[in-house]
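Common to both upcoming complexes is subunit A, partnered first by subunit B, then by subunit C.
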Partner chain A sequence: MAAVAMEVDDAPPLERKEARYTRKDEDFERRVQRYKGQQYSHLYYCRLHKLRGALSSLVQSGFPGVPVCPILGLEDGKRCVVIGTIYKQMKLKPSILDEYAKERSKLPLATASNFMHPDDYLVLEDESGRVKLVGSVVVPSNYVTGIVIAACGAAGKDGDFFVQEIIEPGLPPQPPLPSITEDKYVAFISGLRIGSDHCDPLQLQLLVDHLTGHLGDEQEQMLSAQVIRLIVAGNSLDMQYNLLAGQAISAKDQARLTEPVKELDLVLTQIAAAMPVDIMPGANDPANFTLPQQSLHKCLFPGASAYCTFLPATNPHRFELDGIEFLGTSGQNVDDLDKYSEAKDVLELMERTLRWRHIAPTAPDTLGCYPYTDKDPFVLDRCPHVYFCGNQRSCMSRLLTVEGKSVRAISIPRFCDSGTAVLVNLRTLDYHLLTLSTSALLDA
Partner chain B sequence: MADSSSEAGIIEQLRALVSDLSLMVSYKWLSRKFLISSNVAKRLLYKFVEKYGDGLEVLYSVSGWTQSQPRSYSVKVVKLSQLEGAKALLAEGSSVHIYSIQASVPRDPALVWSPDNVQAEEFFNQPLDAVNCLRDNRFSGVSCSLVKRDNKGTVSSSAPASEKPSLPLPPKPALMKNETSIAAKASNGETRTVKQENGEGRRDANKRKEGSTTAQGSSIANLWGRPSNNSKASPPKNDSPQKPLPGNADACINALEEHENGGSSDDDITNFRRLRRGGQKRRVVLDDEVSELKEEEAASEEKEEEEEEQVISLISPEKKIEETKHEDKASNSNSRSGDDKRMDPKKKRKVLRTRIDERGREVTEVVWDTEEPESSKIEEIEKVKAPNKTAAPPPPPPASKHPASKASTSKVSTKPSSKPGKKAACGPQQGSITSFFKKK
Partner chain C sequence: MATKLTSVLKPRKKGMSPQKKKKKIILSDADQAIGASEKRVARALVYPSASSTDVAEDEDDVEEMLRQFDLDAKFGPCVGLSRIERWERAQRHGLCPPQNIRDVLERVGGEPNCLWEGRV
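Now for the complex of A and B:
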């Protein structure tokens, strides 16, 4: 065994930079919540209650003198403000009752990607009643069920509420951005989809080698030494769930089922041995379905769990690095918004969620969610500095500056398709991509 | 360190591997195989290609900033023919190094990845308390002081004293430290180089960790070292404590221990023996505490005896070590299961214990796991084991006091003895019926 290291001409390894990390997932952890058969009304009530507080102050400053009325107390023609939760009546929205409809052929066929229809309309609902919103200001394609807004206008004779202006809660208060002197990067990847056919293991290995400091010359290793943390934002696994057909699984099938998990464990061990890593569950991962998804169990990763740098996180995931607040999801919230509303791009949807102060407004209507009784964990109290969303088609990022607050919004592309990771500089909140490619091997 | 000659040696070995065995050698595979850092492996590959590169295909890794927007750092694996093209796309200051050499480049990237993966899986599948180059990332160019691995059986990221919760030795903190340095020295050169590689920040943690885990085995007592591991580091030192001390029970133990040293294996070692050996090993002189320990070593055997006695006396309240060691073999099977229970010596628990008794029958019992030596062990032994239990130690009380039997045979306490007794009664009853016919 040539157990000799060439130390003479070998420089000592570079030290990886560090940052103070605080995990802030308490709201998203289910902990001792016990389901007692409750319905979702509590969740909606908590949401309305919390956001009404924020809206009232805005309404008072924006519309002084205009009273805030409950919906059942609306008088015809009188100008007032109503605060409530939006419900969007959608023709094409799939409903479980459709399966029992006698005349199925009469129902319009809906595409799976988007359920919008020109006939959609908005209804505002508070504790007392509901009222349909009309007016040119009201553009149903920009809104979804579940957001809380204030509408200023007057009730019409036919019972509809003619809206002059819609007020959204706006961005929550943001803690000041700390100044950081040196360049430190946080790396984001998502959609590794280990176990799927089109996942390229060499590409992933290149990523691991680059981040852990094996690849490249000294300059490149200096770059990787500046990466302080890796966040894996969901969909790391692509397990063959069709094997779980309800019958006993043969040993061969069992091996096939668990192979991707072992591979992921090996990858995470290599990374955790070099730097801190957070892994979030995604829509296809072996975690619970409803949001907030609980962290992947450490028994799935016997190798990586031994490291203190390995952190299974919830989805959504909130943490703080050196005073900079991060918040993000594995993409289910934005994908659901995309199905029921229209926007220019993913970043616009993300901006809307910030304005509505709610990460996943369509939960529990169309997005699975736990029926909390005492809180709505998706309501934003503080505005993050970096807001990310995983498993998107491409990487896009914008620095949203609204009302004096600036947020770096990033959509993280799927790694199995794009081979791209995103790095954010903590000092400047700037971002750049890291692309890894093995496609040259396929050329002649 | 003779790097140039060993470099040449590695290059020669590489030549054999690539040409004769048609292996695909990547820099990472090379670094883990020959235990050199990744950067050195890359240099070696370069030298190899210069010397013997004919007929071999080389894959390069090209990385650098691209010139497009948004700003992107690109890492690509390319063949020689595509190298210049890839470099042209990148901004200045791109880095190129050899990724792998092989007889022919496969089209499927997964085939390029596969030898590295096989090697990585080998390291990955090692027992959880083994520290290897995969698990501590020792050959990379970047080290991280935050990383701490919890090896089963030891607690990481803590001071040496707290690594041994079951054996507090307040009067001997210096020895504790020596102990870890002893084990560290046991894996000698590799540990040294690893320490160098990993930079200052991790030195202490690494040393402690490696020291505590290089000894194979799964319990803390293994820290005291195993004869096979430590013998190569300290054979001369071993000789000195081996002098039998006349007229002393400890001496008998000593002598017996040395006698059994050679033939010991995992299964035969009992807690007691391990601890005793650990008491000796502490005497070994290594590392920083050389001068202090040499004095200790040079000190009289009496002092040694005292120390060992101290060790024993400290251990005995917990383990109830019996001076007669030949009882060990008798219940070695018990000791095996006893090891698991060692961590919680004082807890009383009801556990299901499955044993293969000497007749090959599988006996499952519900037992209480306690400290107390049992006289009811006699009854248990007689009931559970067949009438012809030859392994029953001569006088049951001393045997039951045995440390190894503490966990398993002390499983029967007087009160719930009826339960295991009952269950045990079924066994021999079944056994006795058939044995009437079978045994002749």
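Now for the complex of A and C:
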């Protein structure tokens, strides 16, 4: 048989860049824990203990000579420092007891999305007791229940503590930023919401094709080859939970339930075949409700699980790429903060969580959380280099430089609404937006 | 049953042993038909923090020590985990809990859970 002459591309194949990946989710995985009926007091105790250690050294250096008193040991007029957990008394906070109240008070004009009220006040609590914080320095709208702070001031005659200064734990120690010589990008997407009406399958397929290098000419492919990893930050599915009403599900409804999962599996298989992908669960995904959410089970993704590049991750997710530390959530922590406090934008809330050294301070008060007895996994020991938060309205980013530590804080927009993915350059910690649109197609 | 709770909460002193004999009256008539060993077990069930034999005063001191450890606020809440777990948690947090508590729990065999375990 004569040899068939084939046209072979002389150019060498483009290789995707690689980076050393280390997963650091051990704190968030619940392998050994068994619920024995314990309450949340242990979680608060562990949180207070850990952050009190960080605060003590700050207090000693910032206020030398001022004693740290337990709250029950406060003396009138004596200047001292108290360390404890904040409880914010909120008038409009929904309480299960309201359903049993004989008199329903009129609801003020506050929207259901934010429960703040001018009459909110802060109470500081430690093991011995609690005391109300007063003073012009105390602005309740900037704080939430569950953070640990130190307050310097003096107790007044009426039992309140007049605060002169509030000390927050501040950013935790940060490992040095390694220097990387070439441009490598990490792609973030969130809020795919496959199965909902918002999701545009063509837009998603465009993204997949772009990331896997099936789109565009050589220059485009070179850009795609620089993307080393994709992180899917929650809410990838929009399951029709109303079908799970407790009755037997008909075959047609069963198909409707499983369709979105199969579609997501197809998408993830295509991506996993080309590059490493981490998928985090979100508020609407088939994972547990309480934080830390455990990784989506691999039986949901029979196609993608065959690849070693596919990694179901927990929410929050912590990992390291070439020495750069990443930490992020699918957005539940920040959304809950938004309901109970006021901030200019999402990035300010994220900055506050870093300053409080706790990524989800409202857990377990208003944010579902597992009742740990031996630790609080949301307390930050190390400051990440990149701090992300999924399922937000728009992409915003800021390089926070505080006390010599720099953190790239990014909010990832919902893909179903914006069609935007975010790329972060590991070399410079810059971010770029990748927007895919099918509107031109529809107009034509 | 109410008698059991009050006697548990009172501090145990050396002169209190006559109360033990009073407890026999609490057992119903049916129980008197049971043998002596069963009665001892039944007494243990009525007074949970005692061991199965007739309790000597050093058991009370052990229990007293363990209760002081339970109520020490430095080591956190005591309900919801066993005493050994709480001791180990305190150890991990660097609070240096007293070693004799650990020894008592492991060797002498003090009550594994605090007083309110399962009741609160």
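Couple of notes before you dig in:
Criterion: the second predicted complex is superposed on the first by the 426 of 444 C-alpha atoms of A that agree within 3 Å, B and C clash if a C-alpha of one lies under 4 Å from a C-alpha of the other, contacts with A are read in each partner's own complex, and residues count from 1 in each chain.
Note that in this section contacts are C-beta pairs under 8 Å (C-beta built on N, C-alpha and C of every residue); 3 or more make two chains touch, one makes a residue touch a chain.
Being a predicted model, the structure only gives us computed values, none of them experimental.
Once the two complexes are laid over each other on the shared chain, residue contacts for A:97 go to neither subunit B nor subunit C. When the two complexes are overlaid on their common chain A, residue A:299 makes contact with neither subunit B nor subunit C.
With both complexes superposed, B is the one of subunit B and subunit C in contact with more subunit A residues. Of the two partner chains, subunit C is the only one that A:45 touches; subunit B does not reach it.
In the superposed model, A:225 lies in contact with subunit B only, and not with subunit C.
By the touch criterion stated above, A:245 is placed in contact with neither subunit B nor subunit C. In the superposition on chain A, A:437 makes contact with subunit B only, while subunit C stays out of contact range. Residue contacts after overlaying the shared chain place A:212 against subunit B, while subunit C stays out of touching range. Legend: residue contacts after superposition of the two complexes on their common chain; A:128 is shown touching subunit C, with no touch to subunit B. Judged by the touch definition given at the top, the superposed model places A:270 against subunit B, while subunit C stays out of reach. Residue overlap on subunit A between its contacts with subunit B in one complex and with subunit C in the other: absent. For subunit A in complex with subunit C, the residues that touch the partner chain are 36-39, 41-42, 45-46, 49-50, 127-128, 371, 373-374.
Those residues of subunit A that touch subunit B in the complex are listed here as 1-10, 12-16, 18, 200-203, 205-206, 209-210, 212-221, 223-225, 265-266, 269-270, 272-276, 302-303, 306-309, 395, 397, 420, 423, 431-438, 440-443.
Considering their complex, residues 1-3, 6-7, 9-10, 27-28, 31, 34-40, 59, 61, 63, 66, 70-79, 82, 86, 93, 95, 97, 105-110, 112-113, 116-117, 120-121, 124, 128, 134-137, 139-152, 156-157, 189-190, 193-194, 196-199, 201 of subunit B touch subunit A. Those residues of subunit C whose C-beta lies close enough to touch subunit A in the complex are 73-74, 76-77, 79-81, 85, 89, 92-93.
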